[in-house]
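Just below sit the structures, each encoded as structure tokens.
Below are two complexes that have chain A in common, paired first with chain B and then with chain C.
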Partner chain A sequence: MTTPTAEQLDRKTRAALAELLLAMADDEFVLGFWDSEWTGIAPVLEEDVAFASLAQDEIGHAQALYRLLTDLQGGDPDRVAFGRRSEEYRHARLLDHPRTDWAFSVARRFLYDTADAARLDALVASAFRPLAEVVAKMRREETYHLLHMHAWMERLANGGDEPRSRLVHALDHLWPDALCVLSGVDDGPLVAAGVLAEPLAAVEQRWLGGLAPVFGRLGLPFPFRRDDDRLEPRTAPPAGCRGPERSDDFRWLWEQFTMVYRSDPEAIW
Partner chain B sequence: MSGPAAGVDVRVVWDALAEVPDPEIPAVSVVDLGIVHAVELDGERLRVELLPTFVGCPALDVIRDSVAARLVGMAADVQVEMTFAEPWTSERITAEGRRKLRESGFAPPGPQPQTRGDLPLFATIATRPQAACPWCGSDDTALENPFGPTLCRAIFWCNRCRQPFEQFKAI
Partner chain C sequence: MTGQPMQVFEVFRREREGGPMQHAGNLLAPDPELAAHYARELYGRRQESVRLWIVPRAAIRDLDDPDLLQPPFDRSFKKPAGYSTEIKRKLAEARARAGGEAGDDEDDDPVVASGRKGVEQG
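Presenting the complex of A and B:
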């Protein structure tokens, strides 16, 4: 396989790669901030620790991805992470929701982590080596995210009326926006250049194909119908999957996580 | 000055690195953990490449600084850098490192979960990490929390000696 350096990619592929890196980095970054909000108030002490660690992992992944982006197109990773206006973030709408209740945070993380896992699978052999290297590292950490969130999905789904109904309600609310995680990026040039193994629509099918038996086993509604071997959503994903329209909740979070940077961009903390 | 300082060769550099402790588990050194990827001594330039254990590990800067501080004076130009050129995995922890971990009350990492490039990450969803109790040696243990006091540590419970213990995660 050829391994192009950033300079050898054509302009269109570089632009698409920058779009992909920013989308992935913003997904990890914003989810990391939402989940860090559970620190101190999670239902049990173990989950305080777990969600803090999950958040720390995601923000670490975002940092590595922002750095790949600025290596590609110049600039400063901190400036990209903290120096943009709220409407310039490119995270999926799934990450526009606040943490809400515990079942909601568990459902959101499970949908995100599994979609992200399918995305990482499609990047692990990327022809763009720097990304393949970071992804190889991220995948090893994501194994722990998946097993932890899967354990919580089991616990809530089998935990009696209230946990189960809260989980079902959260999933019902989140499904359309979850479909945004594997969209909103110009994947054509990336597949042609071998940066991404297959189109995002195919990655999405692998994601849903992996989830179907899990939802079946847990007896949870799975709002897709089979159409020739494809799983078609019963509700289409919304327009503007990766902005620029943002929720008030995200603007509130943005106010929080950019507060130090906006008051002093040179601050070290 | 031309060339490395008198008496300095690659072996001396490795010996020095073996004295740099991990900031979160000081009983083990950066060499025990297998995070030293390369040591290159080329005339006046000494270059050391380190592999991050976790992408978001907050100790990375501390590790880099303490390695640089230990190597100061070994060459005119000492460079210490982090690289993702090869993913660090817990398989890189040396036999000596595993022994030191056990002596400090940490279970060494077990076999790696399936994260081979050709297997979907999804296949790992029902992974159940295993660990032998570092206190009594029993395998009758249960994972309490895959997330412990630092990113690289998980918490287990030993059903035999009825004590909690930590494991250095298998990644």
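Presenting the complex of A and C:
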């Protein structure tokens, strides 16, 4: 496999790569802001520090991805991160939901982190080397995030009636939108160019295949049926997986995280 | 929450390879797994540690009996400093005795001696 520089990618592949980078960056960015809302109010002080630190990690990943994007197509990473209108963000619908309760935030982050891990697996040997390098660093941090979220899923699932029922309720609510994490990107040109190792549909099957035994063991909702070797969702993912329609909750979050930037977009920090 | 009672874990950290493990602080967690996660965040998230030990406080044998640690008799002879203090005292006494006999014990001091020599030359 040759290793193309950004200039050597054809126009269609570059456009698809930009789409992928923006989708991934926005996923990490918006999740980071939602989860940072637990700062000061997490169940225990230690978890408060830990969850805030995880949220900061996601903002760091978003920063690296926004930089890749602006290296590819020009522009300023901060302007991409903070200077767009709310309907211009391309995060998955899974990240349109508010923080809600602790079980909800744990369930959302678990679904996101596991899907993201499957996505990163397909990018770590990317022919677009700058992305492969960022992904290699991200995976080292995500390994720990996954351990942390597995620990919490187990504890809520086995932690008695109330934690379990809250977790089940959250998963029922979130599953359809979780399928959006691995969709909404034109993956054909990326696979053809070796930027992405396999189509997102295959990444999704790998993700679900890994989750099936975990959800089986914990007895948690897993709304898929086996069709030959494939896991088919019982309900189709929603339309507009990555916008432009957004929830009021996301618009509220956008107002919050762009507030300072909008007060003076030309300010030098 | 998890339904388990919280326990105290003491955390030790090594700042750099080859350095000692030093007490960093403590934290509350329901079990050793989450304790390890929290230790990583509280004492390692800023890359300030290369190794952590996470020990349940219950595993620590606590000893603070003053009869064992602060016994009433003089123990200065067990301390290196105690020994050197005693030696210095004896040396000073010996010098005082010698000085009394020779009349000018400052000649023993090379700094003072050379200083005096310099004055003579000037």
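Observations, loosely collected:
Basically, the second predicted complex is superposed on the first by the 265 of 269 C-alpha atoms of A that agree within 3 Å, B and C clash if a C-alpha of one lies under 4 Å from a C-alpha of the other, contacts with A are read in each partner's own complex, and residues count from 1 in each chain.
Here is the rule we go by: a residue touches a chain if its C-beta (ideal position, glycine included) is under 8 Å from a C-beta of that chain, and two chains touch if they have at least 3 such contacts.
Everything quoted here is computed from the prediction, not taken from an experiment.
Placing chain B and chain C on a common chain A by superposition gives a clash between them. In the superposition on chain A, contact of A:R155 is made with chain C only, not with chain B. In the superposed model, A:R242 makes contact with neither chain B nor chain C. In the superposition on chain A, contact is made by A:V214 with chain B only, not with chain C. Residue contacts after overlaying the shared chain place A:R139 against chain B, while chain C stays out of touching range. Number of chain A residues touched is higher for B, counting chain B against chain C. By the touch criterion stated above, A:P43 is placed in contact with chain C alone, chain B being left untouched.
Applying the stated contact rule after C-alpha superposition, one finds that A:R166 touches neither chain B nor chain C. By the touch criterion defined above, A:A117 lies against chain B but remains apart from chain C after alignment on the C-alpha atoms of chain A. Among the candidate segments 9-17, 99-107 or 117-125, the part of chain B whose C-alpha atoms clash with chain C in the superposed model is 99-107. Shared contact residues on chain A (touching chain B in one structure, chain C in the other): 46, 49-50, 53, 144, 147-148. Contact residues of chain A toward chain C in the complex are 43-47, 49-50, 53, 144, 147-148, 151, 155-156, 159-160, 163. Against chain B, in their complex, chain A makes its touches with residues 46, 49-50, 52-54, 56-61, 63-64, 114, 117-118, 120-121, 124-125, 130, 133-134, 136-144, 146-148, 150, 206, 210, 214. Only residues 52, 54-58, 84-89, 112-115, 117, 120-122, 124-129, 144-149, 151, 154-155, 169, 171 of chain B touch chain A when the two sit together in their complex.
The touching residues of chain C, counted against chain A in their complex, run 1-3, 6, 27-30, 33-34, 37-38, 40-42, 45.
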